[in-house]
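Residue numbering begins at 1 within each chain, and the chains themselves are lettered A, B, C and D in the order written.
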Amino acid sequence: MLNQIEGSLGVAKAVALCRPGVVCAYPISPQTHIVENVGKFVKEGTLKQCDFINVESEFSAMSVSIGSSAGGVRTYTATASQGLLFMAEGVYNASGLGLPIVMTVASRAIGSPINIWNDHTDSLSQRDSGWLQLFCESNQDAVDTHIMAFKIAEEVGLPVMVCMDGFVLTHAFERLDIPSQEEVDKFLPEYQPREFLDPKEPISMGAMVDPDAFTEVRFLQERKMVKALSVIERVTKEYRELTGHHSGGLLDCYNCDNATDLKLIIMGSTVGTAKDEIDRLKKEGINVGIISLKSFRPFPYEALKQAIGNTKQVICVERAFSFGARGIICPEVKRAMEGTNCEIHTALCGLGGRAIYGSTINGIVKQALAGKFTEEFTWFDINSNVLNSYLKDTEGVTFPQGPITDSQLQNSCK
Amino acid sequence: MLDQIKFYQTGSNTIGNRLLNPSMRAIQASADRPNGLISGHRACQGCGEALGARYAIDAAMRATGGKIVVANATGCLEVFSTPYPESAWQLPWIHSLFGNSAAVGSGIAAAMKVRAEKNGDAVAPRVIAQGGDGGTTDIGFGPLSGMFERNDDVLYLCYDNEAYMNTGVQRSSATPPSARTATTQLVGEHPGADWGKGKDVPMIAMAHGIPYVATATVADLRDLEEKVTKAMSFHGARYIQILTPCPLGWGCASGVTVTVARMAMETGFFPVYEAEYGKITSVRKIRQKQPVINYLKLQRRYAHLTGKKADPNVLARLQALCDTNIKNFGLLGDDEPQLTPAAIQAYERSNKV
Amino acid sequence: MLQVRLHGRGGQGVVTAAEMLSLAAFLEGHFAQAFPSFGSERTGAPVVAYARIDDKEIRTHEPILEPDVVLVQDRTLLSVIDVFSGISPNGYAIINSADPAEQVVPELCKKLPKGHVLTVPATQFAMEKLKKPLPGAPMLSSLAAATDVFKLESVQKSFQTRYPGKVGDANAETAALAYNYLKEVIKGGANA
Amino acid sequence: MMKKPFATTLDPATSLANHTGSWRTLRPINVFKLPPCNKQCPAGENIQQWLYYAAEGDYEHAWRILTEENPFPACMGRVCYHTCEGKCNRGFLDESVGINSVERFLGDYALEHNLAFKRPVRETGKKVLIVGAGPAGLSAAYHLRRFGHTVHIVEMGKEAGGMMRYGIPVYRLPRNVLDAEIKRLTDMGITLECGRKVEDIEAEKKNGKYDAVVLGVGAGISTNVDIPQGDTNHILHALSVLGDIETSGDVQIARRVAVYGGGNTAVDVARSLRRLGAEPIIVYRRNRDKMPANEEEMDAAIQEGIQVKWLSTIAGAQKDTLKIEKMALDETGYPQPTGEFEELPADAVVLAIGQNVDKSALEKLKDLKMQKDAVEVDPQDMQTSIPGIFAAGDMATSDRTVTHAIGMGKTAARGVNAYLKGAKYEKPAKHEDALFEDMHPWYYTDAPKTVRPELELARRTNTFDEVQHGLTEENAIFEARRCLSCGNCMECDNCYGVCPDSAVIKLGPGKGYEFNYDYCKGCGVCAQECPCGHIKMVPEKI
């Protein structure tokens, strides 16, 4: 059914359609609207047999979720930014226990400095937590990905993080096609836990594992991750057939077929903005492809390699980076493309809510095609005026207008 | 005839007593007790926590017909009971993290309720969350308080051995003043743990107004079993703090675990009481009052107070602490305590020397 | 694609207005999008919200730098920020004011085609019917009157959907007042 | 079945595969210590054990345990001086357990319920002659009969019982009780021949084809002392006075009678005469502290109005007065004459300064070695210097109490039994003592207010003598339950309960516990918390 609603409400509706048994809530922007709405559904009775629990911290939100999932019910929670870090210990724990929790991360920067706006620092900080991380490019994608996430999580036996850009998506009021309860029930059967805490069959979960078996436990966990690649593809296929929605998947290609000069790899809501810009560029005769990376964990090396094909240059439009290193997506792409001549670069932009406009994408494409991306890592949308106003006085250093490359940064320190 | 006789003569303070009707004996006396925590665990010799956990869990299992699920904080109990590939538990049990067992318990309780609803079961399994004093009074305190204020249907059991034993005996907020730990060593002018620090979690639990709060020790099994049984008769958040001596951390012989806990009660050092909805309803009276030195001298963590060089002022302060407990809780005599006592730390802090 | 930028102050229902704008368009079968400027602004601070209307899927999520329409819910903002920044040369500007546009924004009137800069006493209408200074509905109906991008009824229905009952009805009445007022103005009536 | 992940999820109770017993350096073992009461009992009664069953209300079982050692509980419950109670560990806590009164209760219970001794399952065909049907002879007969031997007793007196009949006044031991307990022995097949003195033991043995003989001749002759006297003052002997009372039921000696001596016989005589209307006064050469008579008996005598002249000897007797010399104790506690004299009005004197065995028959036994007043016996088996002839009771000891006699009779019987098998009986080694320090008294001391009066009552009933009633069942069970069960398991479940490793196995009622050494880590909590001192930690062999 078509709705013109806020993304958060859409996600809340999608979650409710999945009939969770326990939903935990702790407020943090920009995730809050989602759980507010789920809480309302529970209270008004539209979501039945569900306990909505207001907890005292994200750490407890994750902990309660661990308890309820281990207790054998479908469990959902949501968080963002600082909240995700505050629950980090539990995040790792949930995956180690193999609990199929679904959690929305309304992606947001991490302080200090405190910043409530969108980038990908929070979710990517948990890339090694053992969770599946699925990124959404639109609110429709978010609605659909949440429904798929429960099925994927339960089939794989690992928790899933659904990452949607904070504010840009969560607070956007858009047309959404929400599947019917019948459709979702057909797609997602009642939760059958593979193991849970039951006095009829007592088990001890969460044992201490010593060096004798720890590596093997991790290997088996990684196997689940690898299996998840095919599960994601299969579940996506099923879902698309059922609803006709073009959502989910490991990745999604736009205008890729003939774009052998340049492809952009983008995660999240920037994809839509970029698609519009690519269409405009096409009218100028510039052919650029976009690969929307949906599944960051597990990372679809094979699928990505195929999607890139023989493209000469790939720019990863990244909204987070690793201090003291470089981009986060770019090295993964390099791994995928190892042994090819493909040039792979990072254009870092959109940190802490700095908007990525069509013009930003346009700039990246033009620079790329002009061969200006000479280094792996570039601070693309940095404002030299702001920088210089500080650095000139303190260190006598200035930067020219425009993007700053890694080597420029390094040289400025010499 | 047999039933008309009082049985204390042959030791009704013992765990069983062949002369008693089996229904009047402690659960631990029963040959078919649940043994929720069974042999083969790797606790140290004379571990008070292993003992306290079996006592409490068995009582809860009895009270619920075995329908109990346990969430366990990281700590000795978790480590010694479930090292791969062997678990010593005989009931559904989960270990998640150090500081979250109360919250995990809340989640399980919600799950049990929802599952029972979905399955049409009349009774949902009950939930126990448990941890040591570090996991309870320090790192897990926030989730504990949250569980309390939501009045989630969880019984929280704190096995209080007054320090972080699993990591090698470091001070916690339950470590008593003057006690030696690895982070409060017996050196300098004021050896041992500082005075005027620490927190009284049973009192804090009471301040949440939850249905049931109690303290107990491994030295009075019947009292402990009654409290756990009573706790299971309430729904909502409940808290029992059980003093479980640690021979290793306290520096006592492995055989005196129960004796030293008894001494903690009989000196007034550890007041044993219960409270309903924030008010104290009963107090376990001291049977044979002992001076605090008799408690201290069993433990090497107080070695500086029991030798020739003992500082009489510190001993006097510890005795005063016991006396204050005795007075405030009415641990002696037949009087019911009149007022709700304040945390013992308050008295000490207000009496800074 | 029609891109609308709404300016106001926190507490004046700017974000809601943007959402209602998108809903009105949705009700007429268009694709629409609305989003706020994602701040942590409090009551009284300047607030910006955006809306887009199109007949195909709206994919972009960039903030609107070159609006086709600018709705100014609070004229005091005119001296604080450049609310008309990037406005399309053929764009529309509707300002909440009882004074004529030429008086309020003389420069803009010169820049945009005639009849594209309009004022409407939206707060006045709101106070009349809603008893609250929430000028969202009359501003949207003014947009409808000025551009015919959607019908008055759709504006009314959007508010009635969001606020079923008296509040929605009062908003609908307020919308009608503004709509009729502006249609009169556009026709060159008494208020022109 | 659940799909469990590898390693992180474990099956319940899999820890049982981990045998933590290997950690042990100390091993708990059950030790059976000798309770002080048992140790003290001259008859060797297993007091702790029969109290154990009495506490359960299983009086017959308790009685059967008791009578394995002593066939006269009803008599003992009346006449035994119960020195066991003086050693009772409970005395360190509050008051000793009233063992004697419970014994009497059990004895009376058995009489009331006509409990009989079982006849031996197997007859050995061996014949044993018992000379004397006093407590020693009867005890020996009983135990020999239990071994399956044929036992014949020859008694000089008219009736069996010896000093129990002719020495102990009826107010302390009603004769129906004595008769009933003796009858229980003859019901076992013991034959009894009264009114005949065995003059020639060897001939009797030979003619009767006895395989062995037990001599159980009591000290039936009062010791004489030379008191210068005028002819009008009666000087009588205690045993003959008591014998006359037993035979005729009444003896009129005089109003004012001085009883000379400080032993139990003196007290018995004084109290008997008091009952017959006389005004006895005990004259004793030392003071109360040094008096050998049983304290409780003495207390009762004083309560009954019997006066005592302490530190006095009778230097002479006139018509109605006695010349008394005052004595003083020297530093060794021995009385020394002071040379001070005084007069004491008295119409008669009863000498109660000691008894002797009639040795006339013994003197005919050539090879019999004697020691002062007693026959020399091997204390292990009570055998005299003549093989096959054993002795017990007064003639073999200086401890002349009924209880000692019974104990010796038992030992003699065991000696005979071994002898008949061609072996030599040796008393088994005793367990180590159960000391109060071994106990965990905390577990016993919880007398709530409501129970305290009952406790007092129990203590008082403990001092009852025959003029008063015995214990009610309630009191008896109460007393029995006060037993601390020193050094022996009372099945309190403490070890089972306090084991942090669940390594104590409960075997079920009456069966006690076993240590599961697969899991026992040797922490010692069980030993520490055992109320009875029944568990000991011993080094593990490493």
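Brief remarks on what is shown
Please note the rule applied: a residue touches a chain if its C-beta (ideal position, glycine included) is under 8 Å from a C-beta of that chain, and two chains touch if they have at least 3 such contacts.
Everything quoted here is computed from the prediction, not taken from an experiment.
In this structure, the chain pairs B-D and A-C differ in their number of contacting C-beta pairs, and the larger number is found at B-D. Chain closest to the overall centre, judged by the mean of its C-alpha atoms against the mean of all protein C-alpha atoms: B.
Mean C-alpha positions place chain B and chain C at a centre distance of 65 Å. Chain C and chain D, compared by their mean Cα positions, are separated by 114 Å. Between the CA-based centres of chain B and chain D the separation comes to 50 Å, rounded to the whole angstrom. For the pair chain A and chain C, the distance between C-alpha centroids works out to 34 Å.
Within chain B, contacts with two or more other chains are made by residues 81-82, 84-85, 87, 89-91. Chain contacts: chain A has residues 97, 196, 198, 201-207, 209, 213 touching two or more partner chains. Chain C has no residue in contact with two or more other chains.
Because contacts link the chains in a way that matches no line, ring, star or complete pattern, their graph is best described as other. Applying the touch criterion to all chain pairs gives A-B, A-C, A-D, B-D.
Against chain D, the residues of chain B that register as touching in their complex are 1-2, 4-19, 25-26, 28-29, 31, 35, 37-43, 45-48, 50-51, 54, 81-82, 84-91, 221, 247, 253-259, 262, 287-288. Only residues 7-8, 10-20, 23, 55-57, 442-448, 450-451, 454, 473-474, 477-478, 481-483, 485, 490-494, 496-503, 506, 508-509, 516, 518-519, 521-525, 527-529, 531, 537 of chain D touch chain B when the two sit together in their complex.
Here chain A touches chain D in the complex through residues 96-98, 157, 193-196, 198, 201-207, 209, 213, 216-217, 220, going by the rule given at the top. Across the complex, chain A is touched by residues 66-69, 71-72, 78-79, 81-85, 87, 89-97, 99-100, 103-115, 117-118, 125, 142-143, 145-146, 149-150, 152 of chain B.
Contact residues of chain D toward chain A in the complex are 1-12.
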